[in-house]
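Handing you this structure, nothing more for now.
For reference, chains read A, B, C, D, E and F in written order, and residue numbers begin at 1 within each chain.
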Amino acid sequence: MADWLTSLQTETPQQGFELAITLARKGVGYTQPDPEVREKLRPTYAEDADSLTFASHVIATHFQTVAAANNYWK
Amino acid sequence: MADWLTSLQTETPQQGFELAITLARKGVGYTQPDPEVREKLRPTYAEDADSLTFASHVIATHFQTVAAANNYWK
Amino acid sequence: MADWLTSLQTETPQQGFELAITLARKGVGYTQPDPEVREKLRPTYAEDADSLTFASHVIATHFQTVAAANNYWK
Amino acid sequence: MADWLTSLQTETPQQGFELAITLARKGVGYTQPDPEVREKLRPTYAEDADSLTFASHVIATHFQTVAAANNYWK
Amino acid sequence: MADWLTSLQTETPQQGFELAITLARKGVGYTQPDPEVREKLRPTYAEDADSLTFASHVIATHFQTVAAANNYWK
Amino acid sequence: MADWLTSLQTETPQQGFELAITLARKGVGYTQPDPEVREKLRPTYAEDADSLTFASHVIATHFQTVAAANNYWK
């Protein structure tokens, strides 16, 4: 797999949040590497409230890491 | 997407809590960008106790981050 | 909404735990602002073991924050 | 409610783990204050593997807090 | 109950990971103290992917604690 | 079991992320040591959106630990 994560530093909190989203998706991507399967699953979970909440929780967990890595962009 | 997160600093813990809510919702919004779909899902999860608890958990996770970013408003 | 969270500091760990409960409930309250709906949901989740465990998990997450904010009441 | 949590300090890690269990149960107790209802729920969740895992997760979350409060009993 | 946790210090990260597993199991054991019941549940959850993931999550949470207690074995 | 975890230090964040994946899988492996059973479960959870999200959450939790161990590769 090509380099996709060379730093946890971002310029802004928003970029950090978007990095957290990338990390959450990569966690899925390593487990299910077939992009077609992932695409097939999208309509199901993207219209299920709890699935969206669970996805948001993973993002929140990664955002903790990214925010700490950036000393909270203070 | 326009800038929506320029700082994790807030003046009060309550504003920090409300920022945590925003972050939790943004996590959903990036995953399901269609506001109509999200609106359609609201009645279901907003009347399901576990769904509300899960949503509250995501907020709690983000509030940890925001509180640390503000040195707990000490 | 009136001020409900002006500080994370509490005098005792027990008050900190109770603040964590308040935070967990507020996370639900912001998502489902109608107190009648919340009241209607109570009998269901309060008699479901997993629902109670999930609620306890949210409290635990907030208690981490509150405890850190109080330097663990050392 | 009488005082039940006056300190997060414990003499040993094991006592800290047991305090984490107390905290997890208190989180349930505040949400469902009726001990008869809680007793009625016990057989169900205590024989369900996932319910036990979820309960163990709440204990783990509280143990993080208690361990930090005791500087990991170093 | 006999002493089973006298220190969070381990010599290697792997021993720390194994301690995290012990902590996760103890969280279950305190909630369901009957070893026969736990044994009966094992075949069910050990062949359910989500159950295994949930168990792995509890281990991950405890591993955070153990790793911090050991200053990450730096 | 042979040594599989001798350090939490990695050269890059990406290697740290991959270590987090290893840790998440090891948590499963210790609970279900039979590789044939794990292999049998794979098609089910790898095509279930929530299962993938849960797996991603465990990775996120371990990544917090690994990132802290590496001082966020600053």
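Just so we're on the same page, a residue touches a chain if its C-beta (ideal position, glycine included) is under 8 Å from a C-beta of that chain, and two chains touch if they have at least 3 such contacts.
Not measured: the values here are computed from a predicted model.
The chains in contact with subunit B as well as with subunit F are A.
For the touching copies subunit A and subunit F, the fraction of interface residue numbers used by both falls below half; the interface is of the different-residue type.
With respect to subunit F, maximal separation of chain centres occurs for C (centres as means of Cα atoms).
Centroids built from CA atoms put subunit B at 15 Å from subunit A. Computed from the mean C-alpha positions, the centre of subunit A lies at a distance of 31 Å from the centre of subunit D. Multi-chain contact residues of subunit E (touching two or more other chains) are listed as 45, 48, 50, 54-55, 57, 61, 64, 68.
Judged by the touch criterion defined above, the protein chains form a single closed ring in which each chain touches exactly two others. By the touch criterion given at the top, residues 3-9, 23-28, 30-32, 37-38, 41-42, 44-45, 48, 50-51, 54-55, 57-58, 61-62, 64-65, 68-69 of subunit F touch subunit E in their complex. Across the complex, subunit B meets subunit C through its residues 12-14, 17-18, 21, 46-50, 52-57, 59-61, 63-64, 67-68, 72-74.
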